Structures are given as C-alpha cells and as structure tokens.
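Chain naming follows the written order as A, B and C, and within any one chain the residues start at number 1.
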C-alpha cells in the first residue's frame, strides 16, 4: 500500500473501486504529464449519499461532506489510472459545481470539503488552483460535481 | 479528404465552416500539443437549430441532437486549426453545459450526443474524460455549450 | 516596471495585490509552461465592487466592468506568480461564469469586459479561446467569476 493510501486509511477513508461512468465517456485521460478526471458526484457504491440543493435540501456541512465524497471518487479514478496515488506529483486544478437555490452563495465553503482533504493527504503538493461555482441543477440530483487535473511523475 | 472527414461524410455529416465567434475571442488556441476550443452552441449557418431549456422546451432526444451540433462545431474549429482532423491524436476532455429547468437532471444523456459521435468517428482515440453539468441559461438561448481539449500529433 | 504593466498604468489600471483566496486553495498553480489561476470575482480591496445578477441587478455594461475587475484580479495573481506580466507568452483560455436570471442570455457581451482588456494589453498574444456561460448564483454574490490559463516563457 502506498503512503498516500496509508494516510487515507488512517483517516478511515477507503478508496472505492473506480466509479462507473454514467454515460459515454471514460474516468480519466492522460496527456503528457497531466491527468484529467471526469466530473464526479457524491456517489458511493452506485448510490447518491447526498442529494438535492444547497440552500434548500442540504446544509453547508452536508455539502462539505458531499464534496469530500466527490473528491474521493476522483482519487479512486486516479488510483485506477496510476496504480498508486504516490505517483501524483501535484494537484493542479479543481473545478467544483454546487447545486444551489438562487440565493445560496457559500459555494467555496462546500468545495472546501474536497480541497481540505487533498491538502491533508498530499500536503504541499495537494495545494491547488480552484474555481467553485453555483448552478441550478446537476446530474441525477448530486449536490456537488468536481473535476480534477493532476500532474504525475 | 482525410480519413476522419470521410467517416463523417459517410455518416451524412458535413463539417461546416469555422463558426464565427460571437464576441472578443478566437475559436481555438494551441499550447504545446494541446488545442483548446472555445465553447460551442447548437448553431448551424449562423442560426440556432435548437433553442431553449431541457425539461421545458426540448426533450432529451432533441438535447442529444443539439449536443451533436455543438461538437460538430468544435470539429469544424479543429479542422480549421489543424488542416485535417486526422491530426487529432487523442480527445482529452469535454466540458458540457446543458441549459436546464431546476428539476431536469439528465444532463449526461444530453451530452452523450457529443461523446457518442466522437467515439464513432475517432474510435479508441475519441474516448475522453468529461463533465456534464446543468445551468439555468446559456448564451443566446442555446440549449448546449461544449468546449473541448484535444492532443494533436 | 514591465511593458505590460506600463500599458495597464497608461490605461489607468493599477494591478492590485494578489487577491486572498476565500477558502482552502491557492491563487495559481504552474505545471510545465501552463499557469492555471483560481476563479476570480469582481472584488477590489476585499469588497465586491459589483454584486447581484445580470438581467435583474446589473446592466450588461455593469457586467462588462465586473468582468474587467475579475480579469485584473487574474492578472494580479499572474504578476504575483511570475514576477512580471511580460513573461506571459500567450493567453490560452478563459472560462467565464455570469450570474444570471433565467432569461438573461447575453453572457458573451459581459465576458468581453475581460477579453477586450486582454487583447488591449497583450495584443496578438492576448487572443484566447473562451467559454462564457450563465449560472443561477456565484460565490458571495459576485456577478462574474473568471478562471484563466496562460502559457509562460
């Protein structure tokens, strides 16, 4: 088991199997040293753990947990692609969408659920650029969708 | 005529002229081996073929067709930039926005209109990472907007 | 003072200090020759200069100014990262989100506030690929959020 996965295990986080794409695409593509993941929702074992919109169905704390699940799915994809998460040299960029009612404007605090986890497990190389935006609806009712770009060794 | 364009022609698809940007930007920029296209709507000959929102004005099938038109516009841009679509080495990434009422959550099935076409014409190298998200409104009422990153030879 | 900054000064634009991230991320990450900025809103000195949604609270002209402020924040980040804006070799890509009521579909004219400024100060190398989309809400009520990819020397 790699260092990063050991750290995740110590935090009680088990990397799931690679999430099955919901449609005609694949989980990740590498070009040069960059790996792009597909957008991931807050799904576990094929079921949405959180569903609905921030500002109506979910609190910021629940959104934070949903973002954590989304990024764990991104990590599962990376592990599937790279063999080991220790091969991640740098987390480059996140783009995070938060399903929101038109008045909810705390998206950054939701996407922190993903960013905080990355910094905890990768340290300095987990620090990334990021955009967090709201939207009126996301696929199948997921409250959060996150895509990720990483640089690999 | 290149192989990829021949395949498109056999499917009855003619690559249009490069869509004229609606504003102060250009259709594509290359950096190293990556080409980034600007976001494309479901426009043909300067006119929106489909207009409106999923869940109200358009069925999923119509949205699927709209996504197909958007990606054909991305291909037109690539052809304009590269000379031939045969120079595409790999489709890396799509980001697809679907104009949706707040209850419509089937965005992946809409953006499949783009993904399915890419796989049909490029085969394995057409398989890509992707995010599909909803939004409340897109420019000029287009139901779909798609941007694309490809790796070139 | 670099050439690009001199040009900005002649236009009456002073590059501010690097905007402090609102959450757990950093302003920019470089991988190879590409620099990715985090998404920037229309904030100046820690305060939102424009707030609200296009089609309700702001005119297109005000949105255009808001986009200008967002891209100046991106430039501040780049200056902080690169030392001098003269090291920008090419503006590659913008992704611009516009907080909009569901009927407002003039997002491209809003994001032009960013694109026009880039072309004015960088000339040919300021020409970029771009997507402009609407959304129902953005962080803390910013009307515009823009992220940027540039290639550096």
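As a convention for this text, a contact is a pair of C-beta atoms (placed from the backbone, for glycine too) under 8 Å apart; a residue touches a chain by one contact, two chains touch by 3 or more.
Owing to the predicted nature of the structure, the values given are computational and were not obtained by experimental measurement.
Peer 1: Can you tell me, using the touch rule above, whether these chains form a line, ring, star, complete graph or other shape?
Peer 2: Drawn as a graph, the chains make a fully connected set, so complete.
Peer 1: Determine whether chain A and chain B, two copies of the same sequence, contact each other through the same residue numbers or different ones, counting it as same when over half of the numbers at the interface appear on both sides.
Peer 2: Mostly different residues form this interface, as fewer than half of the numbers used are common to both chains.
Peer 1: What whole-Å value do you get for the distance between chain A and chain B if each is reduced to the mean of its CA atoms?
Peer 2: Chain A and chain B have C-alpha centres separated by 25 Å.
Peer 1: Of all residues in chain C, which are in touch with two or more distinct other chains?
Peer 2: Chain C, residues with two or more chain partners: 32, 95, 135-136.
Peer 1: For the complex, give me every residue of chain A touching chain C.
Peer 2: So the residues of chain A in touch with chain C come to 32-34, 90-95, 100-109, 111-112, 115-116, 119, 127-136, 149, 151.
Peer 1: Hey, which residues of chain B end up touching chain C in the complex?
Peer 2: Those residues of chain B that touch chain C are 22-29, 31-32, 36-39, 53, 95, 97, 99, 135-141, 145, 147.
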